[in-house]
C-alpha cells in the first residue's frame, strides 16, 4: 500500500464533473500529511476529453479504463474497472463524490476490497495513518466524527460544494491504461437512458445559489417570480415540501428531509416557514436570506438576514436591483 | 418470486436529537423509535409485487439490531409481510454498515431470494451503504434510489428509474438484484387491524452469531473498519439580522451586505 | 400518507391495566397516523359545512376500524374494547364528529347484535357492518324519554312472524346516514323496563323514515335526527334477545358506549392540551412567551393531569369490559370524570388562546362546542352520579 490517494473522477456524457476538482482539493490536503501523490481514475467509453482534464489535476497518474462495456454506467462494470485500477495503483485512500454515481460505486468497491467507507463527508483529515471524517447524521441534525480502525484500504465519499475546486497543476500527468476484466454478459444492471428533468438550470444539489419558494407562492405560475431572480443570479430554484405537495413545483426541486440536501453559498428562502424538515435540507448553506410575512416564522432563527415582508413585493425589487448591479 | 425486505428501526424524524453530555451518543430517553421512512416504501413495493403476481410470492422482512427492532418487524408483518427474521447477537454491537451487510448476506444467501428491497438510507446514520454492500456480498445486480419499477413480461428483469442530479437514470436490471427505494416509489399502506391481528400468528425467526456462521472477530466493533468516536452539534449561525425600512431600502441594504459583509456575491 | 410512522415509546412502565400489548401499540399508531393525516385536515371544513365524513368512514372500514367488536368469523377484527378506546381517542382528537360515528357504530350498534342477535341476523348484518357497507346507529331516546329511558313509548306489536312498529325516536346519532338501527321499543305496555324489547331495523323498511337533521351547537358533521315509525314491519328474527330483555340489552350496550364517550372526551381534551401547549410556546406578551407565566403553566398542568387521570379510568373500564367482569360503576365514573374535565379543559384552552380562541378560525372554538354534549348524552352527569352512588349506598 502506497501513501497515495486515488480520486474517482465522475464523468457524465463525456464531461469531467466539477466535483472531481473538489475531490482533488480534498486529496491534496491529505497527501500533504501522507507524503504521497494524487492519482485520478477515469472510466468509461468516450473518455478522451475527460482524461485530458484529469491530467491537469493529478499530481500522480491518470489511470484510464476505457472500454465499450463502460459506455453506459453500470455498477458492476465500473466496480470491476476500478478494482483493476486499485491493483495497479495500490492507494491508501480512495475518494468519490457523494453523488448518485459516487454513492452507487463507492460502496460496491469498498465492500469488494474489504476496506472501509465513510459516506457523504463534509470534512476529511488523516491522523496517525487513520482517515478521519466528519459527516452529517440524523438527517443533518448532528455531525458524527468517524475514524478508520484498520490498516485496510480507506474510502470516502465527499459532499459536493464543500471543498473548493482545486487549481490545475500546470502540468499534464502521465496516463496509465488499465484493461477491464469484466465482460458485458457478466453485468446484471446497466444504465439504459438518462432523462433530464430540470430545464437547463443546475440541479439544486450542485447549485452555488438557490432561490427557494414555499406554499406562500400560491401557484405554479407564481414560481416564475423566483425564476426571474434565479436567472439574474445564475441560481437554481428550490421548493419546500409544502409547495411540491401543492403542485407548485416538481419533486426534483424539493429541498429538505424527503427532498434533496443542498449546500449553496447563498440560499434565499421566499415564503418558507422553516419547519425542521426543510431546514435539514439547507442548513449548511453558507448564507441564508429569509423573506416571510410572519415575523415569528422559525426560518428567521436560522437565517443570516431576514426580511419581514411580502415576497411578491420584495423579490421583484431584488431582481431589479441585482439586474442593475450586474449591468454596471 | 421470493422477496426479501430490509427494514431498520430508527429514531422518528420528528425527534429532537440531543447529544449526551460526553458527546458519545444521542439521548435515547423518551425517543420514539419507528420503521425507517425509506423502508416503508420497500415493504409496500414488495407487497404490491406479491399482489400483482398472485403466484405464491413470499415477502420476508429482515432486520438486524437489538430487541427493540422487533416492533418494526411486527409492523412489516402487520402491513402484510409473510414472515420475518430478527438477526441479533451481542457480538454484533458496534458494527458498521459494511460489516452488518456481510452478516445479512450470510442470512439471506441460503434463502435464494430473487429480489431484495430496502430503503435508500437509514435516517439515523444516513450511510446509504447496506443495499449496495449486500448486493456485492451476494454478487448480484443493484439499483439505488428507485422511484419507479417497470417489470418485464416474464418478471425476470425490470427497468428502474432512479434519481440523479438534474434528472433520472433508467437502469435495466436482471434478477436477482438488490434495489433501494426512494420517496415517491409508492404510498405505503397503513397496518390495518386485520393485518395487525394476523401478524400475531406470523413467525419471527431469530438468528444469532452461530446461526450466521461467522466468527465474533468478523462482526461488531472488532469486525468493522470504521468507528464513530463522537458526535458534534451543528454550529450555531450568528443571530439573524432583520432588515428594516422601506422595501427598496431593505433590498439595497441586503445586496450591499451580501456583497461586502457576507461576500457571497 | 408519507412521513407516517409506527412508534414505540420507550422507558415507560405501567401496570397490567394500562400496559399496551404490541398489537395494541400498532393499532394505536395506525389510528394516530390516520387521524393526523386524513381525519384532522377535514375536521374544520366538515364542521363548518355540516358535512358527514362518508369517505373517512369508508377508509376507517378498510383499515378494520368499523369491526373492532365483531368476531373474526363475521369478518371483524375482534380487537376488543381496549383497542377500540385506543383508536377512538385518536380519531376523536382529530374530529369528534367522525369519532362519535365510529363509536356508535362499534359500541352501540354492532356490539348488541354480536351479543344478542340470533345466528341468521348476525350473519346477515355483521360482515357488512365490519366492511363499513352498513353504518350502524342506536335508538333508545324519545322526546319524552331521555334520562327516564324506561318510560319510552314507541310500540312494537307482534303480528304473525313480524312486529309492527309505531312511534318516534329522538336524538339519534348518525340517523341520516345509517343503514342499520338497533331500536328499543315497547312490546308490553303493562310493564316498565321489562316491557321493552330490542330490534335490528334496516333503513330500507316500509313505514320507517328519518326526520330532519337537528341544528346543533357541536358535532356538526354528525347527524342527529328523529326516526319515525308508521306501521313499519320487521321480521321477528330481528329481535335481539327475547321479549322484555330490551332494556337490559340497552343498559349493557350503554356501558360500552359510555366508555366510548368518555374516550371521546379524553380525545377532545388531548386536542385542547396540544393546542394550548403549542400556543403557549408561540404567543408572546409583555416581552415573553405566555408559557412562561405561572397562570398559563398551572392551567396546562391541570389539563394534563386531568387527562391522564381520565384516560387511566377509561383504560380500566375497558379492560374490565373485555374481561367480561362487572364494570358499570367504573364506566360511569370514567365517563363522568372525563366529560367534566374535558369541558373544563376546553374552557381553559379558549381562555389561553384569548380572543383568537373565540374565532371560528381556531380549532379550540370547535373543541369547546363539540365537548359540551359529552356531559349530556349516553347518560347525563346527574344520572351517572346516581348510578355510582347506588353501588355505594345499596344494601
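The letters A, B and C name the chains in turn, as written, and every chain counts its residues from 1.
Heads up, the rule we're going with is that a contact is a pair of C-beta atoms (placed from the backbone, for glycine too) under 8 Å apart; a residue touches a chain by one contact, two chains touch by 3 or more.
Nothing here was measured: the structure is a model prediction, and the numbers come from that model.
Chemist: Would you identify the chain whose C-alpha centroid lies closest to the centroid of all protein C-alpha atoms displayed?
Modeler: B
Chemist: Compute the centre of every chain as the mean of its C-alpha atoms, then state which one is farthest from the centre of subunit B.
Modeler: C
Chemist: Please tell me the distance, in whole Å, between the geometric centres of subunit B and subunit C computed from their C-alpha atoms.
Modeler: 40
Chemist: For subunit A and subunit B, let me know how many angstrom lie between their CA-based centres, rounded off.
Modeler: Once rounded, the distance between the two centres reads 21 Å.
Chemist: Averaging over Cα atoms per chain, report the distance between subunit A and subunit C in Å.
Modeler: So the centroids are 54 Å from each other.
Chemist: Quick one: which residues in subunit A touch 2 or more of the other chains?
Modeler: Subunit A, residues with two or more chain partners: 258.
Chemist: In subunit C, what residues contact two or more other chains?
Modeler: 2-3
Chemist: Hey, what residues on subunit B touch two or more of the other chains?
Modeler: Correct list: 13, 37, 183.
Chemist: Okay, in this complex, where on subunit A does subunit B touch?
Modeler: Per the stated touch rule, the residues are 73, 75-76, 79, 99-101, 103-104, 107-108, 110-112, 115-120, 134-150, 152, 154, 187-198, 202-203, 205-206, 209, 233, 251-252, 257-258, 265-266, 276-277, 283-284, 286-290, 300-309, 313-314, 317-318, 321-322, 325.
Chemist: What does subunit C use to touch subunit B in their complex?
Modeler: Per the stated touch rule, the residues are 1-11, 22-23, 25-27, 29-30, 33-34, 62-65, 67-68, 72, 77-79, 83.
Chemist: Could you please specify the touching residues of subunit B with respect to subunit A in the complex?
Modeler: The contact residues of subunit B facing subunit A are 11, 13-15, 17, 19, 26, 37, 96-98, 101-102, 123-129, 132-133, 135-137, 140-145, 159-174, 176-177, 183-184, 224-234, 237-238, 240-243, 247-248, 250-252, 254-255, 257-258, 262, 264-265.
Chemist: Can you name the residues of subunit B that touch subunit C in the complex?
Modeler: It comes out as residues 9, 12-13, 28-35, 37, 40, 68, 71-72, 74-75, 78, 183, 187-188, 190-197, 199-200.
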